[in-house]
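Look at the two complexes coming up: chain A is in both, with chain B in one and chain C in the other.
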Partner chain A sequence: MIRLKINDIPIEIEEGKTVLEAARAHNIRIPTLCNQADLAPYGGCRLCMVEIEGYQRPVTSCTLPCHDGMVVKTDSPQLKDLRRFTLELILSEHPYSCLICDKKEDCAKFMLCIQKEPVTLGCKYCSKDGKCELQVLVEELEIKEIPYPLTYRGLEVERWDPFFERDYNLCILCNRCVRACNEIRHAGVIQFQYRGPDTVVGTAFGLTHLETACQFCGACVDACPTGAMSERYGKWGGVPDKKVSTSCSFCSIACEVLLNVRDNAVISSEPEHHPLCVRGRFGISQFVHNPKRVTEPFLKKGTRIVEVEWDEALQAAVEKLREFKGRTGIIFSPNLTVEALDALIELENSGFGILGTSLDSLSAYADFSLEQFSKPAPIVVLNTDIIDDFSVLMLQIRKSWKEKTPLIVIDSAQTKTADKADVWLQPKLGKEEDLLQLLFSESDKRNTTGVANELIETVKAMFNGNGAYLFYNPSNIAHVKLPGSVKAIPLFARPNLSKIMNMQVQNSNDILHDDSIDCLFLVGESPSLKKTYKVIIAQDHFIPACGYDIFLPAATFAEVDGSFIALDGKRRTLNKAIEPVGKSKPDDWIIKEITNNLGVEAGTTTRAKEPTQKATPKQVKPTGKYPFHLVVRENNYRFRNKSLSSLMKGFKKFRNDDCLWIHPADAENLKLKDGKKVQIISKDFSLTMTAKVTDSVPAGTVYAFHDPSAGLVMDKIVRLECIES
Partner chain B sequence: MAKEPIRILTKNWDIKNSNTIEAYIKNGGYKALEKAIKQMNPEQVMDEVKKSNLRGRGGAGFPAGVKWGFVPKDSDKLKYLCVNADEGEPGTFKDRYIMTLDPHMLLEGIAITSYAVGISAAYIYIRNEYIESIAILKTAIQEAKAKNYLGASILGSNFNLEIYVHRGAGAYIAGEETGLIESLEGKRAMPRIRPPFPAAVGVFNCPTVVNNVETIACVPSIIEHGGEWFAGIGVSKDGGTKLYAVSGHVNNPGVYELPVGTSLQKILYEHAGGIKGGELKAVIPGGISASVLAARECDIAMDCQSVAKAGSMLGSAGIIVMNNRVCMVEALFNIAEFYAEESCGQCTPCRSGSHWIKNILERILHGKGKTDDLEIMLSFIPGIMGRTICAFGDALCGPVQSFITKFRDEFEYHIIEGKCNIRNKLDIL
Partner chain C sequence: MNEAFVLDEELKNRLTALTNDYSTKLAALLPALNIIQDKFGFIPPEAEQQIAELLDIFPTQVREVTTFYSLFYNAPVGHHKIYVCYNLSCCIEGGGKLLHYLAKKLRVSVNETTRDGKFSLYRTPCTGACEKAPVIIVNGAYHYNVTPEYIDELLTKLG
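After this line comes the complex of A and B, so read on.
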């Protein structure tokens, strides 16, 4: 413990803390701009200067470690002058007219309409108005005029990337975005460029963020004290009325997230205790208030679809379920709340239908907690793009590690993670398990994996007998036998696994292939259908691709109280941030209403069939007729019945996940061009997709993301036909 | 002492093919390294350098032996030497001569320094424009390796050393020692916050010695002749000879090796051949970061303390001479423009302050100055000097303050009359 005095207040603080941290811990305010608690000290803005007894000059408190017996003064006329001088200089590089305007208090009443100007020339034109740190500092340091004219940089506003925009004319070069990108995300996308007054934040070679390794996590946007970086969708949302802490439901990690709410709308979301990924940071408000969302009940009457009241919609659903009692399949998405799942069990128990979901490989499920990863070890990632899909998990695991351990990727496709990896091993398709054997056990098996022996030896040397963590995609690898030193963790994209395992439900495919089923009740799912049904009841946020007869609008996770089970097996709470949009209702409410109206006599449980244990599909070799191997990858950017790309333009640009990845040599043989439509034909299905020609995938193989509504659910052998040239 | 001029750094420069290892060895080269390795232990080498009063020749004038002593002995990390060959300070052009004409003296110095501090890898961070020096250094390293003065088990001992030539990225700030380290690590040259100093945490987070080319090139003769001999050449606490690079309005511009503490008058009139094209008006004694001295202040000895006493600094000893036809507003604008362009952009006062000073000088120069412009510029000084991460901020303030206070009448003439008193006409650039 270190004892020091700040402004005559005796303070005790643990060793290694800075004077700024000591002051903050005791609510002594020191003006700062470049400091951010979770980033390394930078010392650039020079606002946080303090005086230390015995020191000749003022020093920056954000970089100065506390020493025993230090006597610190955080305020004096000299310091105030110094800070004013510095802030004036900062403002001379930033449009300041509104900051020092003596009418600024009254301005908002009259001038709201001038927001959304293409160029920001003052606070009233800026999306950060009311949230900007410069505004606070100008008040605090009582700056009334600035002796220098503004040097406007005249840079083009960077609007070409999805999710966020950058107007570096507003940048005050605090470097927070740069450090956030490097230190929080290890992404290294942005850095200062040029020198002197030309200094500006930018990417290497002026690439767009899409062309770099940018994860669109928004850590940079959240770090920015000014309006230089702004979220595209929520930027004009204004100052929130309240912030509601809840859990992001887009993936199984279930991050804590703060929803910013204004006038019963989610205007944006921000990280609470740890970083978010692009889905949680930029996806939530756009998802909840998506223009494609349907928030009223609809009913098919003859050939017409009409909007109805809840009573009528529920009544219709109940009638149909009664009519098709025992012939109804209830297919649900794992992305529901525990409460909704419980309600579904009740409904099934009433004997009106059988439950099914599209989860495979559940047998691989294993609980894990972050504590398991306290010991640093190399990370091996198998067939999953952990940077795109589970970046937050990896950041959390690595955060506590002092040393950086190697990242090894095993994947037949060149993913973003493969690009970032220390070693990328590209085995032949289907040889992943063999490769694992070669890597982890003293096997004298002949190496037929297609990976060079030297490379295998290099990786083995990296393990150095310390073991490793293996993260793998459960739907690609059926069975992996590993030594005890290797901790294997299957990464499931969907939540609620332990719950669903106990529910003992059918696989949705079995239901879809069951001829006796005439009615489907789809709760958050939209499968590709094998036959026509007499009735389809759909309960969701969006209209399912397979069509419907009765549509019941469900409230999103931002609109409900409830819970779900995250990848670590723990329960996460959902806190209602806004009232359900339109007439939508929580999933569990809808299901319970139906169950109650069905009028169930308790104890009539009849399970139509015992759940079947799915056999691992045998790998079929491509043949002359079907020369390509179609690999279907789990899509962590799907939620309930939609892929995020189909709902939001940003995700479409970022993920491009409705594309078929094909090797240039194969494309050339087929005379198929990038961006053109191609038909994929297998024994039992046919669909059209856009080709993405890339050498990230091996020849003879095409890759697509899992999409049940299109029938892309498992690996197949296929034939391709150009339908556009 | 000697009537013969003492030549330590320049002793081989007149020899034919002075940059080959044969010529160097023929003139006694690599004897000092052999002596150090075979007859002395590292502490003794370091003690000799401490005794020599060798001060850093890169600008700050910090005693070299003391700096080496800061490197922790018990650290189990690798230690590095970075030789600062960025030579970015305008008016400075001495290191290039050493590297081109006598690269082996530098290499021998590097080897001895590394032996003394326990270093096994040294980088020469060299200004990218020095294409010729880069090629010569690379050849010299090969030559020295072939003769086992570098490489593994040097001269049969267990001392190993690799030297790497690293080409700079072309920024003045990459010459600042922590900017250099960042640049060497492949990052943007942005000076680091100190403490920790490089001696504790330097390149790749390891203890690192950063020294100027000339500093290191002095080391072989210190070991050969002894620290006391070297100390005896200069003045108290500032030993040896110094390469004075004289440029500007003199008849014989060039690099002159003279004992530390030689008088400026002697350098200008005896060696550089006197003032050219007019009378002496002002001298910048140590590269543009040093405060300007008016002609009447030029009767000083050129060692660290004497120049400091005169209100300037010896710096890199790049002496820039100006005759009475030089417009001081234009000269300062030239300097300010350089600083405004070269600030790394981290610290507000340096980045923005240098920009404003340049802007204000530009308008004064164009006859559009305002009456309070001088006060505005001077009011910047307390906000910049000593308020920044690296010494760049101070380097900017020295010239601004000294030019304006010492030649105030010229600046005022520009402001009031809207034209230049030297050319007596509106200055159109």
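After this line comes the complex of A and C, so read on.
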């Protein structure tokens, strides 16, 4: 322990801490701009200057380690002058009319002056108004005017990327965004460029963020102390009334997230303890207040669809369920809360229908916790785009290790993860398991995987007897036999798996193929239908693609109290941030109302439960009639019945999952051009999609994302027809 | 990727050998960029990308360095680079006139390259040789007490 005095207060602090950290730990205020707790000290803004006895001149406290017997002063008049001078210089390149105008208090309310500063120069028209760190500092240092002329840099505002936009005219070059990108996310997308007065934050070669490896995690936006980087959607949302801590439900990792709420609306979300991904950072507010969201109950009366009250809609649903007792299939999405799932079990127990969900290969389910990854070892990623889909998990694992371990990707397609990997092994389709055998066991099997023997030897040398962590996509590979040193972790995209396993539900495909079922109750799911049903009851946020007779609007995860089970088997709580939008109601409330109104005592199951059949992946071999192998990839950018890209423009730009990846050679044979429509025909379905011509997939195969509402569930052999050239 | 700027094996080996001389790979960045500039005359973006891969750093980090130093060129420049000092001592001795003379003679303005790609003209702050002002630097070599006649001679010599 080190003893020092700050402003005559004796302080004890462990070794290695800086003076700034010591002061902060004891609530002594030192103003800073470039400092951020989770980033390395930078010493750029020079505002944290302190006086130390025995030192000739003030020093930056953020870079100065404490030592014994130090006597520190943080608030002398000289320091205040120095800080004021520094801030004035910083502000000489930042539009400051919003900061030092003498009418600023009344400006927004009364609009006192006729002549406003141009919008670009600030006034009260900066989106960061009220949240800006410069405003706080100007107040604190009592700056009333700035003696220097404003140098407006006249840079173009960068509005061409989804999710956030950048106005580097407001940038004060604190380097926080750059360090956040490098240190928190290890993405290395932005960096200072040029020098002196020309210095600007930018990407390599002036590419747009979409063209770089940017994951749109928003770490840079959260780091920005000014309005230089701002979120597109929540930009003008203002200062939040409250912040509510809850869990992001978009995928199975379930990160903690803070929702900023103002006037019963989620204006934005921000990370609480750990970094978020693009879905949690930018997706939530747009999802909750999506213009496509339906928040009123609807009923089909004859040929017309009418808006009705809850009583009427529930009554209609109950009547239909009574009418089709025992002939109802209840297909639910795993994205529900545990409470809603419990309510569903009760509904099934009342004997009106059978439960089903679209999860395959549940047998591979295994709990894991981050403690499992205490020992650094190479990471092998099989058939899953871990950097795109599970970026937060990857970050947390690698963050806990001091050394960097190799990342090896086994994938027949060139994903974003494959681009970033140390080694990318591209086996032939269906040969992934053989390749794993070759990698991990001393088998004398002939190498038919299409991967060069030398490359396999190189990877084997990387393991070096230390074992490895294997992350794989359970829906593509069913059985992976591995030696004990290799830990295999299946990455499921959906939460609540341990719960659903105990529920012993049917596979939704079995229900859809069951001819005796005439009524469907869809809870957050929208399967592709094999026959016409007499009644479809849909309970969701958005209208399902398969149509409906009764629509019950459900509240999103930001509007309910509850819990769900994350990938690591632990329960995550959901806290209600806002009242349900419109007339929507929580899922569990709706199901319980229906069960109560059905009025049947529990425990009178009519149909004997059969355990879920294990899905065994069938080997598909292209034939003459169907020459293409359609590979269906797990889609982690899908929530309940919609893919995020179909709801939000940003996601459509960032990751369009409504397209078919096809190799250029195949596209040329079909005379198919990028972005044109193509029809996919197989034995039992046909579908029109947009083609994405890319050499990241092997020839003879086409890739699409999992989409049950379009019937894209399993690998198939297909024929392609170009319908637009 | 432009084929012309793909680094050949020999060059790659030289760059990899460089990394052994330093404690971190990042430290080899400046010498590596110098080698590239010697080879191509400027630093093509393709080469930046390949250096980033070789040194295991992000392309933005390479970009940060190449844009920071004004002596790394991001676009093709003339075969001969002429720098004219424009600080006080040189200007008193006629450095400013020299700059105009060169600009007129080469038919370019400052920071530009002649159409035939032979000469590029730049200004430079003090070169530290004030006692022999005016000074110009041509391809890294100092020329002292320069006069317009000397420039004529030099330009003919350089062709």
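To be clear about the criterion, the second predicted complex is superposed on the first by the 710 of 725 C-alpha atoms of A that agree within 3 Å, B and C clash if a C-alpha of one lies under 4 Å from a C-alpha of the other, contacts with A are read in each partner's own complex, and residues count from 1 in each chain.
Definition applied: a residue touches a chain if its C-beta (ideal position, glycine included) is under 8 Å from a C-beta of that chain, and two chains touch if they have at least 3 such contacts.
If you're wondering where the values come from, they're calculated on a predicted model, not measured in any experiment.
After superposition onto chain A, the partners chain B and chain C occupy overlapping space and clash.
Shared-chain residue A:205: touches chain C; no touch with chain B. Using the contact criterion defined above for the overlaid structures, shared-chain residue A:387 touches neither chain B nor chain C, since it reaches no partner. Once chain A of one complex is fitted onto chain A of the other, the partner contacts of A:192 extend to both chain B and chain C. Ranked by how many residues of chain A each touches, chain B and chain C are led by B. Using the contact criterion defined above for the overlaid structures, shared-chain residue A:284 touches neither chain B nor chain C, since it reaches no partner.
Between chain C and chain B, the overlap after aligning on chain A sits in one stretch of 3-11, 39-47, 93-101 or 129-137, namely 129-137.
Chain A residues in contact with chain B (one complex) as well as with chain C (other complex) are 191-195. Within the complex formed with chain C, the chain A residues making contact are 182, 188-195, 202-205. The touching residues of chain C, counted against chain A in their complex, run 45, 48, 57-64, 67-68. Put simply, chain B touches chain A in their complex at residues 171, 173, 188, 190, 193, 339-349, 351-356, 359, 376, 380, 382-383, 386-389.
On the side of chain A, the complex with chain B involves touching residues 41-47, 49, 56-58, 63, 82, 85-86, 89-90, 92-93, 147-148, 151, 173, 175, 191-199.
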